[in-house]
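Letters A, B, C and D name the chains as they come in the text, with residue numbers starting at 1 for each one.
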Amino acid sequence: MHKAIGLAEAVEMIPDGASLMIGGFMGVGSPHRLIGELLRQGRKDLTVIGNDAARPGVGIGRLVDAKVVKRMVASHIGTNPEIGRQMIAGETIVELCPQGTLAERIRAGGYGLGGVLTTTGIGTVVAEGKRQIEIEGKMFLLELPLTADFALIAAHRADHIGNLEYALTSRNFNPIMAMAAATVIAEAAEIVPVGVIPPDDVVTPAVLVDHLVEREKLNGR
Amino acid sequence: MDAKELIARRIALELKDGDLVNLGIGLPAMVTHYLPPGVDVFFQLENGLIGLAALPHPGLENYFLGDAGGALVGAVPGACAFDSAFSFGLIRGGHVDLTVLGGLEVDERGLLANWVVPGKMVPGMGGAMDLVTGCKRVIVAMIHTAKGKPKILKQCTLPLTSARRISLIVTELAVIEPTDEGLAVRELAPGVTVEQVIAATDAKLIIPSEIPEMKLAA
Amino acid sequence: MHKAIGLAEAVEMIPDGASLMIGGFMGVGSPHRLIGELLRQGRKDLTVIGNDAARPGVGIGRLVDAKVVKRMVASHIGTNPEIGRQMIAGETIVELCPQGTLAERIRAGGYGLGGVLTTTGIGTVVAEGKRQIEIEGKMFLLELPLTADFALIAAHRADHIGNLEYALTSRNFNPIMAMAAATVIAEAAEIVPVGVIPPDDVVTPAVLVDHLVEREKLNGR
Amino acid sequence: MDAKELIARRIALELKDGDLVNLGIGLPAMVTHYLPPGVDVFFQLENGLIGLAALPHPGLENYFLGDAGGALVGAVPGACAFDSAFSFGLIRGGHVDLTVLGGLEVDERGLLANWVVPGKMVPGMGGAMDLVTGCKRVIVAMIHTAKGKPKILKQCTLPLTSARRISLIVTELAVIEPTDEGLAVRELAPGVTVEQVIAATDAKLIIPSEIPEMKLAA
């Protein structure tokens, strides 16, 4: 059960053209080291599933700056003018999805469910081309599950076997993405021995984490 | 008092003790400044928190605690953190008592458009569609007109945010309630006449014989 | 935001014939004081939604013993021969539901979803009379959301405004039930001041808890 | 060695280091006693835990920590607790590598019946339908016959647990793998002949020309 992996080695597993779920909300709770290493290694043509495109220079926005996002599924891109420009210029494809629907689609992908039945989006452009199903006299939109090749997630603390704990609003999409990707790579602000994180505080169990990125060197140690 | 402050002061009176409230960014967020005394509400951040608070002091930020706009914020004692699926379970399951959102257009059916201007501004709906579809009450806080043009219309020209009718429109001129019969003028801002409201509106309005003046939180 | 309520007063709100979601799994994590008070007040004709009927004398099993469960929705009743007897005698109606489906149906009820699309139960008696929906070439069973008049839940710790924290396997159905009922009544093994439970440890936020049962008197204090 | 111990020792060899494993109550739970050295697995309790452990000493029970049968149990360092929806997300989402369950009947298609005997025993399916439908691998651990009657049949007579084919049957006589072509005998228990297996089985069996002896964990 040896999961520790160097940052470079972790990102080397990800090929050009891969689909990535990337945790975080406007950069809060995003895997900043993994994003930086994707850029350093020059990975390109990526499909990114994430809540937003953050801002230029921040989180997923750094991938946008480098023009390596071929396709993005997100709920919001308005804070990043560069992805708006790329979209209008036809350089990037953006699929917009209501935030709650995005969360449930990712969860459905990880939970083995066939889809999400929601009223959000009915009567709007979001419903165009999608099936609607009447249940007990009420119409629901059928939204399909999302999965990805990799989930790149960020935790506040990890233990040595890969149990993850999150802090405050940095939890956001990370735990559901950890269920929905073929390979899950996690980075953590702090790494502690097994048993330090109590069972009730573990949000993502170690069994879901395929690779845990080695800690960053600090002050030469 | 400027127009936005007036709107925020009026909406503050709609918050009830113990409510779970989600405020949009900008004008809606100003409502927090005018909460009446004795009214304790929980503010939800859709990115995963109940119990938003302002930072007491710059320099005390925590990089794991941001609002939906990405600004670093504080939290009250008794706050609760959760993931995005749970956050929207609260919203879509009807557990949020009130959301206050900005508006680009509202029409006679009480339908809101506030997330996209095709060809110009494509920010994405974020949580807006979920909030308008799922919250118990939806209040639209907006300046009555944009560059002199009415924003309250017969029918929205912009893509809708939801097929669900909103609960109330509060502008610097009036409080307007969408009903089965249409848009009813419920209150007028201090010094505003019903004629002014009609002139600034492109939708048919229901005008009761007596319209009280808008109440405002201190 | 005063939520504290006496045990008797809490149960007085529940009429005969009410539908109750009751947390717990084989009695672990069940609201034992609320169950005892339902019995003391002689409530009857109850619909109970819960994972199991536990054992005679334990948890939901005590309601079964007293013959006050008119209808039960559960995943398992085999450990309680008395409910089996009542079912065969026609005194109680039992609707059996796969455990994962039961959890998702309750969650769907609380999350405003139209239903659950699952492969569990397809090709079995569970699928009889239910709609099946083909999604991308695969068949899914449509299972409907569950809601109730009341959720009776048990927490390990509550704070003074009703934030709830659970311990180990006593979490089970409690958090999802707290989303799915019109009125939520919680009891807790321990009650602490606001701020004692850190935000990341709160599983059920106070806004979902309508009434928090006063603590039990211990050693006369 | 009794029949159940033999079955448990054989199944123990199917567990791989790092696996997430869910064991049914009774015979399947015996597998924990025979884990080969160097194989560290996580045991899931569907009632909400990864990291089940036996209690080190009676008197140390915690009333908030039980197994799916309601018995009070222990937990390993590094355990993780969660609610029922998450627990079955693990199961239905294919995150559980292996489940070992008891069986009442298995048929030529590899379909399992193990949750109800109409008119006699109506325990309910609990998590069985989810486990058989969702886990990566499903092993049925059972005594080959019941009161002398075969339990491996042409077609199940009892209501099915799932329409999904199980991965492996392990009995005190043989290891049998359901395949597209039918039930293939993969291993024979020490001292057991293929004729004995055929005689104790009501389903057609595929008999390879050479069948190795069943391997057993120490």
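Just so it is clear, contacts are C-beta pairs under 8 Å (C-beta built on N, C-alpha and C of every residue); 3 or more make two chains touch, one makes a residue touch a chain.
Just so it is clear, the model here is predicted, and its values are computed rather than measured.
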item	value
Required minimum of steps from chain B to chain D, each step between chains that touch	2
Taking each chain's C-alpha mean as its centre, the one farthest from chain D	B
Chain pair, C-D or A-D, that carries the greater number of C-beta contacts	C-D
Intercentroid distance (Cα basis), chain D paired with chain C, Å	29
Distance between the centres, which are taken as Cα means, of chain C and chain B, whole angstrom	35
Mean-CA-position distance for chain C and chain A (Å)	33
Of all residues in chain C, the ones touching two or more other chains	104, 107, 111-113, 118-119, 166-168, 171, 199-200
Shared interface positions of chain D, touching two or more other chains	49, 75, 81-82, 88, 92, 134
Interchain contacts (touch definition) - all pairs	A-B, A-C, A-D, B-C, C-D
Chain C contact footprint on chain A (complex, rising order)	104, 108, 111-119, 133, 135-136, 138, 140, 142, 144, 165-168, 171, 199-201
For the chain A and chain B complex, residues of the former touching the latter	25-29, 51-52, 54-55, 58, 74-79, 84, 87-88, 94, 96, 98-104, 106-107, 118-126, 156, 166-176, 203
Contact footprint of chain B on chain C as seen in their complex	1, 107, 110-113, 159, 161, 163, 179, 194-195, 199-200, 202, 205-208
Residues of chain B touching chain C in the complex	17-18, 20, 40, 42, 49-51, 75, 77-82, 88-90, 92-95, 134
In the complex with chain C, residue positions of chain D that touch it	45-49, 62-70, 75, 81-85, 87-88, 91-92, 121-130, 133-134, 159-164
